[in-house]
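Below are two complexes that have subunit A in common, paired first with subunit B and then with subunit C.
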Partner chain A sequence: MSEAATVEQPLSVEDFYDATVLPDPCEIPVIEPGAMADSKPYEAAPEFQKALGFPGELVDDWHEKAIAKLGELVEGSRALRVYLDTCVKCGACTDKCHYFLGTGDPNNMPVARQDLLRQVYRKHFTVAGKYFPWLVGARDLDEEVLDQWYSYFHQCSQCRRCSVYCPYGIDTAEVSMAAREIMATVGKGQKYCNEIIGKVETIGNNLGLQKKALVATLEDLEEDIEDETGVAVKIPVDKKGADILLVTPSADFFAEPHIDGLIGYAKVFHQTGASWTISSYASEAANFGLFIGSNENMREVALRIRTAAQDLGVKRIIFGECGHAWRVAYSFLNTLAGPFDFLDQNYPVPQHICEYTYDQIEAGKIKFDKSANDHIRLTFHDSCNVARGSRMGDTPGGQFEIPRTIIRASCNHFFDMAPDTIKESTFCCGGGGGLLTDDLIELRKKGAQPRMRALQQVAQDHGVTHMAAICAICKTQFAKVMPDYGFDMDAILSVHQLVSNAIILDDAKTDQPEAGDGDNAQPAAAQ
Partner chain B sequence: MLTGAYALLFYVATLVLVGGIGRKVVQYARTPAPLKIPTTPAPVTRGGVVMRYVREVVLFESLFKANKWIWLFGWIFHAALLLVLIRHLRYFTEPVWAIVALMQPLGIYAGFAMVAGLLCLWARRFLVPRVRYISAPSDHLMLVLLIAIGVSGLLMKYIFRTDLVALKAFFLGLMRFDIQPLPADPVLLIHLFLVAVLMIIFPFSKLLHAPGVFFSPGRNQVDNPREQRHLAGWTAKLGAGQ
Partner chain C sequence: MAYELNGTTYEHDEEGYLADINVWNKELAELIAKEENLDMSEEHWEVVNFLRDYYEEYQIAPAIRVLVKAMKKSFGPEKGNNKYLYTLYPYGPAKQACKIAGLPKPTGCV
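After this line comes the complex of A and B, so read on.
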């Protein structure tokens, strides 16, 4: 299963660019108004709209309904109200969005994107906008504006990069979520997100994968692992009384390279003697309710995890590699579905799989043969929802250091990309925020440009062959767009794939790589 | 007549400014922040948040990360404005506070720095296509207003001197509701009129960024959602996961 171990990576960046000076990832394009005006995702079909409690199609009095909804949202969210009021149009955010850098469309500058909503807010909710609309750029919500909303609020991956640089912390993601919620409320929902939310709420995961199929898939996977390692690593489903409930994006069950990450989690749990399980009821970490700004749907999905934890009687909840899922889990789960006083209070609720693995490394409970990853020269993509919307460990910035520590422990050749493209300044993969759909492929390819340029740079400077990530969406997106930038589609890896390659399992087959120091026999420590 | 009009103008302007900002602050404070959304890495303690704000408000940390030119011009303008405002306290205090007296010479340079910073910021609105694209007429006019206030102030200092003793008597009188005659110098009248306009539009404009920055959930929230269940607004109505 572990593809990376056999991949001969043909590095073709040089084939693509004969220039020795590669383009700067942060290079500012010439503005080109309307360049992406036609980029729009498919609208949700009436049945999927209705399933989520939204009207099937655009209602007759959509204008009144939309304004009323906007008023309601502004009343209920300090962030939205303050962000709409305080922007001074300083321009600091104008060159910070990967979609602007990749497309040149000025409406993809974060402030201009906000202005699409702000002009309507001003018109209806401010004195200046009511009486002097021309002065402050206020405008009513007409069909043209609604159309622009649909287009440009689906060109924001809610990555929060702009909020890092704004002197008032204005987060365009909040504005995009509000706009999407207003649109869904008047009957103009987005197909991709709404269909997926529907599947989670009826079946339990984004893919609509039923329990039977899930169990069969994971049994096959167990066999594969055993064939390869000689060790009976288990991936339990619905095991009552297990200590740990693992909630992971359903892509981990069969997409590449996600599945290699899942094998990595399983091996870590196995080696540390943990008792763990996956739930077939909450077999999905992703929570697309966030993307469409729908609190109700976000809560509905979050509550499934609480229910699963209670039904299975677990003591801890751990999340697998998924960017926005970790943001919702880390930042919102306690609020939406807490309190979790029925779980073991010695551990944070919830935890990230990287926190678990990191703790085990620190405690000396897992050991690596780093040479197993010697064919890889690696860099790491900080997934933005993890980087700017959450934390790992006890100290600010743990979300950057913990994955890097795991990588360094399992891989000999690690190189970071340019400083203004990583950690809190990381660029989105281009497919986050509910945009990972084929109807937006042009946008996705262009939006990936800054990240891909940073990767090309580090490939040229350090011979980097692979990039690891801790987000299911990032992985799928990169696998899709990397070929356009001169990389193989399997140049994207899961962090726990590196762990999987290098972890030393007790009783492993003799052809399992030996540890460098030869002292690899670690008794399986009970949790 | 003139004195009366200006006295009224300043009473109205003060009321609008204080009342308007007060209303907005109450509104911001009352609007709930239902979810934890600090832009991370964020401080994990209240004290850390205070330090984040000190860096943000004193040094313009985020702006510095974003764009060195905007940071330079913006910081110069705001720092200079602060000095100029402190310097102007001498018209409202008797005896003048020692610290204000001490700042007098600095205040003069600050006047020039302020206008220079503003001119540079305005130039950006024309010269940088991205910034031109996002600028509404009000964004230009706000700069024009501030520049006009600064320039008329400097003109009074260096060319069209006015009777400062009478001016001070006017303002001290206003504060005691005892109206004293205002010197009828045109530049002074323009300067004061523009200041009153600025005070009046403050609560209705983007100048709300001054109080607003303190209410930004992206900056003022403590990063501790796992340790403390955050409940506010609609989330406050949530029970125990029911």
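After this line comes the complex of A and C, so read on.
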């Protein structure tokens, strides 16, 4: 043996790769047919169904009712009809779904999942499907198919990543929403979403937080902030005549790290001298009506925001960090609950908290001590409904750049994840679209895999320790699943938590006149 | 779906939350905890008792932050933090402890 034998041997090629090369987030899994066939969320109890105007349980003539509802939907939406007619099975979407990548179940290839509905559509609404079903893959809706619908349409988070890659632009989320709407209509709704929508429509938020508890929670928070900073930052509730109504997910009043984001919004408002309030009547940004495909329920939830804005006499509405809420707000609020001609038209209607903070940074109204975040090496998770269902600011891609600009302004160490996993190609957290429920925890953990692998890559390459997000669902989902992928549950942060850590607060700015408030437009006229 | 204790049945939902919050008692809490593979220590009880008191006043479970503060007050900073609460209740202090305290599950994006 040579002397070299006593020297530490270099790693073998296999060991070298094992030790340093992490699995690709987009790696295509081995196919496992039926792997997730048993994954189903709890069905909504009759009380939750009826409260939303749906039958309490599966109706006897569910087949006829379901086909009639499908007919109504394709009649009412040319877009849905095109999505059902136009797929050519090119396969571009097959490996784009995080649930397929995480589970290997071929029914989670977006084309296959859509086909569960498309086959029924063909059978009843196309000539070829009626007369030659075997030629065009048409099939009637029987119990087995209904069962598959319930399982697999609750394995789509309506994140629309597949749609980005579809050469025809088929919006899979719309197909999933249609399937869920049909199921709810025949009495097979999902417990998690429907119970929550019922709470918003009666109490005002997803949590079921009454005004007394909301006020107590926020007063407690004010005390904490003052103890920590010496500054009396206020979080007003139902303050009539305030300029700004903040509509934020109720998770911001309850969960970690959401509540740290709320503290961040409050500090920004305080520092910029804004007059603002939260409404106890519309104490929820989330609108799960979107997830179950129910326009009626989506409208009812949206109308609460309009009512609150009018009752409080505000001039502006700003949304907190909530992904699908921003999609509903940005894309549909005016249609659902408009016109908002009673608001100050010099500001975007509605506006995102990130737009507000960004404008204040650009105007030099807020300053940061970035070293306050030096213990954090950060990456940013683009939330799907913000990335692919909305925009921020007035330039294309603003929804990507505005949060990143805020992060760079408040944090010294920022690194993006791989390009095919961020911005318009972002992966869902694995819990979106009404799937953030404990009964789907296995699906959620598997669905998080692509995002978690991308995070592991930047952790290895750049020493990233934390990930920030601007969505309540993403934050809760990551806090839950991150430990399975080697990260602490508190490695997920709110973007406005970074702002909160680093913002420099002056004393005694609260309740000053509005003269200082001038983000991107003329200051609102004094009352 | 029901818990059986001393010849009495106590209805619960699919996830083990009591259908009627008024039937709760300490023995039942011990039984629910056992089904969750938890042994109730003094600290576990502190959380459950705090949740029940808070619920009585506000008809909802407290924010995690409020719970952390209460634990800090009773047991000091070492046990007054989120991580420690998760060691007590691995499935989440709000949801799992609410179940044992006989309270409804906190719903929403939490």
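Remarks
The definition used in the following text is that the second predicted complex is superposed on the first by the 489 of 527 C-alpha atoms of A that agree within 3 Å, B and C clash if a C-alpha of one lies under 4 Å from a C-alpha of the other, contacts with A are read in each partner's own complex, and residues count from 1 in each chain.
In this text, a residue touches a chain if its C-beta (ideal position, glycine included) is under 8 Å from a C-beta of that chain, and two chains touch if they have at least 3 such contacts.
For clarity, every value in this text was computed on a predicted model and none was experimentally measured.
More residues of subunit A lie in contact with B than with the other chain of the pair subunit B and subunit C. In the superposed pair of complexes, A:Asp171 makes contact with subunit B only, with no contact to subunit C.
Looking at the shared chain after the overlay, A:Gly364 reaches neither subunit B nor subunit C. Once the two complexes are laid over each other on the shared chain, residue contacts for A:Pro348 go to subunit B alone; subunit C is not touched. In the superposed model, A:Ala213 makes contact with subunit C only, not with subunit B.
Of the two partner chains, subunit B is the only one touched by A:Val82; subunit C is not. When the two complexes are overlaid on their common chain A, residue A:Asn205 makes contact with subunit C while staying clear of subunit B. Contacts of A:Leu336 after superposition: subunit B is touched, whereas subunit C is not reached.
Subunit A contributes residues 28, 30-31, 33, 74-79, 81-83, 85-96, 106, 109, 111-112, 115, 126-128, 132, 134-137, 160, 163-171, 174, 295, 299, 303, 306, 330-332, 334-339, 348-350, 387-391, 394-397, 399-400, 424-425 to its touches with subunit B in the complex.
For subunit A in complex with subunit C, the residues that touch the partner chain are 42, 191-192, 195-196, 199, 205-210, 212-213, 216-217, 220-221, 224, 249-251, 253-256, 258-259, 286, 322, 436, 438-439, 472-473, 475-476, 480, 489-490.
Interface residues of subunit C facing subunit A in the complex, by the touch rule stated above, are 14-15, 57-60, 62-66, 69, 82-83, 86, 91-92, 94-95, 104, 106-110.
The residues of subunit B lying in touch with subunit A in their complex are 24, 27-28, 31-37, 39-44, 48, 56, 60, 62-63, 65-67, 70, 74, 124, 128-131, 133-139, 141, 204-206, 208-209, 212-213, 215-219, 223, 225-231, 233-235, 238, 240-241.
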